[in-house]
Each structure stands twice: as C-alpha cells, then as structure tokens.
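Two complexes come next, and they have one chain in common, subunit A, joined by subunit B in the first and subunit C in the second.
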Partner chain A sequence: MESTAHAFKDNVTTALHDANLQQALGKVRQGFIVKRREAADRLPEFEALRDQARDIKNHTLAHLDFYLEAYEKKVTEQGGQVHWAATAEEARDKIVDICRAADAKVVTKGKSMIAEEIALNAHLEEAGLDVVETDLGEYIIQLRHEPPSHIIAPAVHVTKKQVEADFRQYHADLPPERHLDEPWELVNEARQVLRQRYFQADVGITGANFLVAETGSSIIVTNEGNGDLTQILPKVHIVITSIEKVVPNLDDAMAILRVLARSATGQEFSTYTTLSTGPKRAEDLDGPEAYHVILLDNGRSGMLGGDFADMLRCIRCGACINHCPVYHAVGGHAYGWVYPGPMGSVLTPNLIGVEEAGHLPNASTFCGRCESVCPMRIPLPKMMRHWREREFERHLSPKAVRWGLSLWAFFARRPRLYGWATGMAMSLMAAVGRKNGFFERLPLAGGWTDHRAFPTPQGRTFRAQWAARQRQGEEPS
Partner chain B sequence: MTCLVDLMRPSVGFAAVELLERAGCDVEVPLSQTCCGQPAYNSGDRAHAEAIARQVIEAFAGFDYVVAPSGSCAATIKHHYPQMFADDPDLTAKAEDLAARTFELVSFLTDVCGVTAVSSDYRGSVTYHDSCSGLREMGVQNQPRQLLASLDGVDLVEMEESDVCCGFGGTFCVKYPQISNKMVSEKAKRIESTGAELLLAGDLGCLMNMAGKLKRNGSAVQARHVAEVLANRLDDPAIAQPPSSAGQGEG
Partner chain C sequence: MSASREHVLNAVRASIRQSGKPTLSPEQLTERLERPRPGLVPQRGQLDLAGRLDLFESWAKALSATLVRLDDLAHVPRAVADYLRQENLPAQVRLAPTPEIEGLDWQSQSLVEIARGRAQIDDTTSVTPAFAGIAETGTLMMLSGPQTPTTLNFVPENHIVVLKASQVVGSYEEALAHLRQVHGQGRMPRTVNYITGPSRTADIEQTIQLGAHGPRRLHILLVKDSADA
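Coming up: the complex of A and B.
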C-alpha cells in the first residue's frame, strides 16, 4: 500500500476532526483494555507464560535458518510447496502465477496483515481476479475501499451506522425494510452475501499466526470461522506469511497461543484455532488439491541480530495498539501505512525506511504502556528511541530541535553558567508573569500555549536559594 | 534536583528536602548537577545525553542515596544510564552503582526510610495522577496513596484511567501539539469528573501540562506536586495560580 507516513502530521489533523472516527475510537479505549486485564488476572501463570513465549521466539530467531528449512521440508513431504519471497513484489508475482495456473476467477481471503503489507488485493484485481475478503472487518473496509486501521480489528474506525449505510449501498439484494440496527443483524447480512462467495472461489488465501517446523503446519486464529471456509473449500489454498512466524513445535505454538488471545481480545482462546497441513490427502473428505506457502522476508532477515531484532518476536496481538494513548487519539490511518500504533512505529521504518516513516517513532510520549502489556515483552519504547538516534545521526530530525538541544546542552554542561543564565531567565519570567500565575502566550512556545497556559516560574531558582541557604546556614524564607 | 523543579517550582525541592530530613536523612544538593539529560536522550542525541550523564555520575559519586522528586528523572538515571554506557565497562560499573542508589522521592520515603505516615494541614479532596515513568519504570503506585491516606484531612478520589499518560512526554508536547492536546484534554475530563479540588502527581512536567490545560479550560481544580502536600508546604500558590490563591485549601 502507498505510504502517507511522511504526512503524519496532516493525517493527525484529519483524524482529530473526524467525528465518526473519534466516536469509534472510544470502543478501543474501553473494551479491549478491561478484557485483557481480566483475562490476565484469571490466569495465575500469565506473567510466567509471557517469559516462556519470549524465550521460545528468541530461541527460534537465533536458529531461524534451521527451523525454516525444517518447516519447508515438512510442508514438501506432505505435498505442499514453499515459495521463498525476498520482496513484496516477488510474493505478489508468485501468488498471481499460482492463481493463473489454477485458472482462477474468484479468490477468497482470510485476514492477513502480510497481504496488506504487499498490497495483494490491488495486485490481484489488476490481474483480473475477483477478490473477496471474508473476515467481517476486512469485508467492510474492502467495500469502503479503505486500508485496515488496526491489525486485529481492521474496521474498528467504522461506526455501526456507517456499516449499515455501506451494506445498503453495496448489497444489491438487500431489501430496504430489513433492520440493520443491531450488530447481529449486520453479521447475518454479511454472512448471507459471503456464503455464496465461498462456493464460487477457486483459490483461498489465508495468513498464518504460526508456522510449526515440527509438523509443517500453519495455524490461524479467527473468531468467525471464515478462515476455515476460505482454506477448505477452494481447490487451491495459499498461505501468505513471513519468515518470523515459525516456531519449533506444537507445544511452543500452544504456549504462545495461550498469551495471544488473552492479550488481543481478552479471550482465553480464539473461537477457531485452525491448523492446515498440506493439501487434501486420499482419506480426507475436504480440503484443497494444492497447498502453497509464500514465505516473505521483505527486510526481516536484515533485522536479525540488530537493534530491532526483538521486534521479530511480535505475534500481532494488537495489545500495544489497544493500550496506546496516541492511537486512542488519532486511530490507525494516521500512521500512514499497514501497521499502526507502537508496533508499527518500530516496524514500519524497518520495512519502508525511516526517511518515509520518521515521524512514527517520534510520536510517542514513551509512556511505556505498550511494553507493559506486550505478551512477548518487546521493548517498544527502547526501539523507538533507537530510531530517534538514527534520525539524529543522519540529520533527519528537525533543525529547530537539533539547534535547541545543542544550545540547552551547552548550558547544561556548564553548571555555573547554567545557574546564572537560568536564574536570570526565571527571575525575568516570574517578574512578568507573577500576577496571573501563568502565561497565555509565550514566544517560541506556541506548541505549548496554543493549547494550554504556561505556568509562571516561582522566581529564584532552587540552586540560587540553596546556595544562599548554604552560605547563610539558615532556612530560606 | 530535577531541572524543572529547580527552574519552575523550587518549593517542590524544599518540600522534598523537608520530607527527607524528617525521615532522618542528611540532605545535600550538589550544585554541579543541572539536568539528567533526558531531553537529549529521548531526542536521539546520544552524544549530549552521555556527556550530561557523565556529569551526573560524577556529581553524585559518594552519596548513599540519590533521590529525585520525579519518577521520570529517577528512571533515566536508574534504568537508562546503565544502557547508555553498555559499551564502556568502567562507566557501566559507575552507572550501575549510581542506579542502585537512585530512587524516586515518595517510594524512597516509604520503601527505604519506612515512613508510613506524614502530617499536613491540607483539608480537602484530591485526585492523584500516576505519571508514566514513575508508575512503569519505578513502581510508584501505592506509596503516594499510602502516605495520602495517613492524612486525616485528605479525601483521595480516584480518577478513571489514572495510569494513562497525560500527553506531556517531554518534547513530545511541542513536537506533536495536537496529539498532546487531545491526550491532556481527555485527562482534564477525567480529573474534573472526580470533583476533587486538587490534582496531585509526582512529576512536575506532567503537572505543568495538566495544570496548564485545566487553567485554559477555566477549571477551578488546582494542581500541586504530591510532595508539597505531604510536606505541608502550601504557602506558595498552586501551579499556574496567581499569588492571591496562596494558602487556598488549607481549611
């Protein structure tokens, strides 16, 4: 997808003035957080499981080549095919080739962030394919021609009323008198339309939450069962996934699954946890005739062993996003590319470059709430700081900031001069602003005073008063 | 001494000194310190951040404890200095030694000095904001509430989402003023809906942000550093208040 991350500030302005978005964001702020906390509280070993999950992924990433080859071997043994894709383009081309070879017309899709990352839908449509998203949220945003605004709740930015309007506009057979006020009515309406499409599909594309090296299985978790119908009914199943999704064995996958749903939605387990292992065997009643796995790198192998390696542990639960006050303020589209919130602020610059996405790691207060809930214990603020350091080194940070920091550091490294200069400045500010107790406007501080008053300093600095107290050996007044 | 307290609100510094002295500590304030370097560190300016960190490590060599009336400055010293010098074994050792001696004020009083109660003339309802670094990096949560609960005249009314960032974030609030404004506006709503007369917190940056917003909104809620109430230093006007309001809330 085309990035607008460079225009982050403009995106923010748009988001803050979007009444529907602001209404919809209230849901994130309330629901997810309470549910996660309750789910974590119900499981005494939750914190220990987080450590275990982290260790499993660290081990796997340290031996990634070994586990990926083991996985490929197993998939191949079972009649499937693994296609390695170094770039988004390679992945897209491979998928189009498979669809053409199958003479496909209709493609159904389960939710996949990797598909978003490589802009798969646009590419398939260009190739003349009819692409149908089957996850309800993805289906809604496909109708609306929008990208997802959240990695597990792609249409979280849309209100119920907007969904109703979309269905009435796009569903030709929908009688005007039918009620679509309640969520279940909307779900039923989408289900009726989608059911037909599953049977028409020639190719089903799903993502993968985990790849299991021991068995050659891919695992998806869904709450709607759409993934199962997507991968079982068509004659070809394509798994589009990325290299860091692999884990050694089923026990490891289960351990991480125990923190995944709890961190994401507060469920103990997702409604459906589905394993797919190769194409249909002779004794199987259902299943695809062909089974392909596209293994995308797209910059990930370059993160191994570096400052951003911890990010490869991410299991896309969305907890960091759900708990991020910046995300709560502006929603996902403002981030300008596929991955929003704290995980996106770290990952996006890795994938599309810090020149394009330089705002994202800066747009954080380092409040640390993301890291405190990350089931994989990924130090998100620390890695955002790494990006800021690279931006600073490469002179990508704004000149005014660099100039300001240098001036401040010049004084801060000379305590006597600092004491004298700040003492003068504070006395002056206090003399001017004491009567009100605050400033409505301050030169060079528009970013502050546009939105809030600036408190007047009390006057004599602490250092000045303390020095006087030391000299006189008495309490200051 | 945090730079904001030094420059903006020295009374918080004196409140901290009083609390520490009452808890039996000998307090010294080395004047060779200026700032902990956090603004440079969080802006990606490692060279300046490290230079200032060296200065701080030097300034506080030899003291038993280093206590700051701020969770965020204390966290910079305790958690970030050792990371900063990870490539230099000698400085790492010094940074870790300093880190082990460094505490946030209120948690130092309760957890190290064993203070369980204080006395204050303040009478009224207060609400307490958990500043992010104090809460998540320094584990400050129950300690200020415990000491506030020891005050007969203080009625603590918890706000919703007291653990959610106020939108200050150091330079964040001027780099992304619109987002910061949205965040502090939400915070101001939570504060006002408690009906409390006074907002307390343990970090002056957050307090200036929230007090500035409350003032701009025309709110009557006042704001002080928690140390001012705990030390009974209430003569100075609350943050962003004119002198005439001095002593308000003293019952």
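Coming up: the complex of A and C.
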C-alpha cells in the first residue's frame, strides 16, 4: 500500500477527532488485555515458554540460510514449488504469472500481512483478476477500500453500524428490509455471500505463520476457517510468506504456537491451525493440484545481524499493539502503512526507509508495556530508541526534537545528573500540580495536553522506582 | 536456480557473517533437524489416560464444542441421529469414506440420508474420524487422505467427529510422534488440521460469533475402545 507514514502527525490529529474510530478503539482497550492476562495465568509454564520461543527463533535466524535451503528441498520433494523474491515487485509479478498460467478469473485470499506489505490486491486487480478477501475483517475493509488497522483484527476500527451500511450497499441483491442490527446477522450474511465465492475460485492465496524445514510445510492459524476453504477448494494454492517465518521442526512450531494465540487473543489455541504440505496427493479426494510458495525478503536479510535483528523473531501476534497507549489513542491508520503500533514503529522504517517512516519511532511513551507482553521478548523500546538516535544523526528531525534529544543525550551520558535533574523536575511538577492531580497545559507538551490531561507525577521518577524495585528483586510490570 | 534465490541467500549469509556470532556446523544442524526433540511440555499435557480424557472433554466444552462419550463404536449411528434431532438439523449426513465409519450400521437409522465422499456446497453435516485428540487444549488433529477429505472438516455447517479414547494424547508433541510413526519422519499428508472448537470470529466489534466460515457446530463422539481406562 501507499505509505502515509511521513504524515504521522496529521494522521494523529485526524484520528483523535474521528468519533467512530474512538468508539471502536474503546473495545481494544477493554478486550485484549484482560484476555491475554487470564490465558497467561492459566498456564504456569507461560514465561518459560516465552524464553523457549525466543531461543528457537534466535537459533533459526543464526542459521537462516541452512534452514531456508532445507525447507525448500522438502517443499520440492513433496511436489510443491518455492519462488524466491528479493523485492515486493518480484513477488507480485510471480503471483500474477502463476494466476495467468492457471487461467484464473476469481482469486480468494486468506488474511496475509505480507500480501498487504506488497500491495498484492491492487496488482491482481490491475491484472484483471476478481480478488475476494475471505477473512471477515479483511472482507469488510476491502468493501470500504481501506487498509487494515490492526495485524490480527484488520477491521477493528469499523463499528457495527458502518458494517451494516456497507453490506446494504454492496449486497444490493439481498432484500432491503432484512434485519442487520446484530453481529450474528452480519456474520451470517458474509458467510452466505462468501460461500459461493470459495467454490468459484481458481486460485487461493494464503499467508503463513510458520514454515517448517523438517517437512516443507506452511502453517496458518485462523479462527474463521476461511484460510482453509481458501486453500482446499481452488485448483492452485499460493502461499505468500517471508524468509524469517521458517523454524526447524514441527515441535518448534508447536512450541511457539503455545504462546501465539495466548498472547494475541487470550485463546488457549486458535480454532484452526493448519499444516499444508505440497499439492494434493494422487489418491486424495480434494485439495489443490498445485502448491506454490513465494518467499519474500524485502529488506529482511539486511536486518539480520544488525541493530534490528531481534525484530525478525516477531510472530505477528499483535500483543504489543493491544497494549500500546499510543495505539489506543490513535488506532492503526495513523501509522500510515501496513504495520501499526510498536512492532510497526520498529519494522516500517526498516522496510520502507527512515525518510518515509522516521516519525513512527517517536510514537511511543516508552512505557515498556509492549516489551513486557511480547511473547518473543523483542526489546521494542530499545529498537525505537535506535531509530530515534539514527534519525537524529541523520538530522532529519525537526529542530525541537533535535534540541530535546541532545538535551536528553547530555543527561543520558551522565546518569547521576539525569537522576538529580528529573527528580527535581518531578518534585517541582508534583508541587505545582498537586491541587487537581493533572496539568491541563504544559509548556512544550501541547501535543499531549491538547487531547488529554497530563497526570501529576507522584513524586518519584521511574528510574528511582525501578532502582528500588530492583533492590527488592521484583519484576517491573 | 533463479537469480533472486542466490541474491537472497547471499544477503542472508553476509548478514550472518557480519553479526560475528558463532554458528553450528551443517552436521550439527542436520542432526537437530532429523532428530526432533520435544522442548518444554506443560504439566497439563502429561496426564494419565483418565486425566487426559477429562481434560480433553473440559477444554473442548469450554471452547464451545459439544461432546458425548459412547461405550462402543457401534453406537455412533444412533448418536448421530440423536444429535441431528436434538439440534433440529436436516436428517442428512456425509460420511468420510473410511471403513471404520462407513462400515457401521447406518441402516439402523433409516430416517437419516447417507452420502459419502468429499463435501459438496449444500452439505449440512459431516461425520469424520479424528487422527488424535490433544488434551492440553481440547484440540482435534485431522489428517487428509483418500478416506478423509479435508473439505468435510470445513464446508458443512455441522461437523461430527469420531474420536477413540485411545487416540487422546496429552500434548501436541505426543501427537506429532504418532504422526511420524504413521507417515514417516519428514513426510506429511497434504493437510493436517488442528481443530479447537467451532469456527468463530470477533471481527464485528470484538464480540465472538460462532460459525464464521467453517462449521457452526462441532460435536465430538468420544468412544471407549480397548485401551480405555
């Protein structure tokens, strides 16, 4: 998709004034956080499983060339084909070629963030194909001509009323007097409409959450079952995925899956986890006759081994987004490209360049919640800081940011002095703001206080509290 | 081999070299790949048979599936007919064409219309065998094959699964070990489905609705067999 990440500030302003969006975002704040917490609490081994998941991915990434080649060999052995794509353009062209060779007219699609990343739909449509998104959220935003606003809940910004209006407009052949007030009525209608499409499709495209080197399998995880109907009914199944998705063994995939759903939606396990290996076997009664995997790099190989290598462990669970106060305030579209929230702030500049997306790493309060819930223990705040430092060195920042950062850098190199100075500021703010507990306006912080009150500090700085907690051996939460 | 392939692999290798981290030898990596070992398996995935059956049942039900226990495989046709009646469903089923299911006495349920083979768009209910049940999350494991078409797991609105007690294992890893025994190390059926409850979506205002695209109802017949405790 076309990026508007450079216009982050304007996007934020728009988002904060969008009443529908603000209503929809309320649901994110409530639902995901509690459910994740409960799922984690139900499994005593959860923290140890996070460590294990991190270690599996680190091991794989350190030997990525080996595992990619092993994976490719297995896919080929089982009758599938792997197509390597260094860039988004190569990936798109390959997919269009495969569709043309299959003489395809209708293409169904399961939800894939890589497909969003390479703007696949627009290209398939340009090539004359009838593209149908089958995930309900993706279907809704396809009707609305909008990009997804969340990596696991693409239509989270849309209200029920808006969906009803869209369905009435696009499903014009259905009786206008029908009832569409309840969520189940909307879900049923989409089910009926899409059912026909699954059976018409010539090609089905899905993403992959994991690729397994041991067996050459691709794995998708869904709750709706749309990804399955998308891949078993048409004669061609195309998997669009990227190089960091590979893991060594099936056991490794299952081990990471134990933390994926719990972190994402707080489910014990997603409804459907599907392993696909090659085309249908000769005697099988159903399944695709051809199986293609598009293996995209698009900048990832360059991240390996550098400051942002940890980001390649990301399993796209969305937990960092669900827990991000900035995302809660502005939603996903403000980030201007495919990946929102903390993971997007780190990933987007890597994939589309810091010139375009340099503002995103500033979209953080450095509260650290993202890192504390990331199942893969990705140090998101640290990496956002890397970007800010690079951004500063490149002198791309507006003057005020540069000034603020150099001030911060001055103190950061002098931790004692920083502690003293922030302690002073805290006491001062506490003294001044004590009366009502909030600052309605703060000098230099208009961007914050225009939309919300700034709570009066409670007297001690974060660093002081941290140090105290460390002394007590307590984990900050 | 394509230029892109070399390009990507070379870039990956260059980055790994640049990181300066020690790497394992190809022999060590091959060894890891060919001798998969389970990692940390949660305690709840390590129960005895009776414990496994109870845990499987409680998770399956908690995640919106329904389950009844049967004493004998021969009772399956009757249980299917009862379920259709009880849920007010059309008296039609499509059976997976496997002897174990097809071979049962379906004539005893003369009111139920029987079809076989892969799913058709108008099918309302399917009856299929499971490969395994996994207690830790109440998950069914289904394999595709000539007698077990995958469409039966997704196209009909109602999915009835026959699971034998001896097939219920504790953990995902245990189920994988069985899969490797049956299919051979590194070999797979075209499709392996892990199914945990009926299809659902939360895409409309984060409220969960069952029956998004896959089955609206998942009904499990847990059948006592010789290895049963």
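As a convention for this text, the second predicted complex is superposed on the first by the 402 of 477 C-alpha atoms of A that agree within 3 Å, B and C clash if a C-alpha of one lies under 4 Å from a C-alpha of the other, contacts with A are read in each partner's own complex, and residues count from 1 in each chain.
One rule holds in what follows: a contact is a pair of C-beta atoms (placed from the backbone, for glycine too) under 8 Å apart; a residue touches a chain by one contact, two chains touch by 3 or more.
All values reported here derive from a predicted model rather than from experimental measurement.
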Touching partner for A:F366 - first (subunit B), second (subunit C), both, neither: first
First, second, both or neither for A:N209, with subunit B first and subunit C second: neither
Touched partner set for A:S263, first subunit B, second subunit C, both or neither: neither
Between subunit B and subunit C, more extensive residue contact with subunit A: C
Which superposed partner A:A309 touches (first subunit B, second subunit C, both, neither): second
Footprint overlap on subunit A, comparing subunit B with subunit C: none
Subunit B contact footprint on subunit A (complex, rising order): 9, 12-13, 16, 325-326, 328-330, 362-369, 371-372, 382, 385, 387-393, 397, 401-402, 405-406, 408-409, 411-413, 415, 418-419, 422, 425-426, 434-438, 445-448, 450-458, 460-463, 465-467, 476
Residues of subunit B defined as touching subunit A within the complex: 1, 3, 5-11, 13-14, 29, 31-35, 37, 39-46, 48, 51-52, 55, 83, 132-133, 136-137, 163-165, 167-184, 186, 208-209, 211-213, 215-216, 236-237, 239-243, 245
List of subunit A residues in touch with subunit C within their complex: 24, 27-28, 31, 43-45, 48-49, 52, 56, 62-70, 74, 78, 83-86, 90, 134-137, 140, 153-156, 159-160, 163, 183-184, 186-188, 190-191, 194-195, 198-199, 213-217, 223-226, 228-229, 232-233, 243, 248-252, 254-255, 257-258, 265, 267-281, 283-287, 295, 297, 301-306, 309
Subunit C residues touching subunit A - in the complex, by the definition given at the top: 2, 4-5, 7-9, 11-21, 23-24, 26, 29, 32-33, 36-40, 42-44, 59, 63, 97, 117-119, 121, 137-139, 144-146, 149-151, 153-155, 172-173, 176, 179, 186-207, 209, 211-215
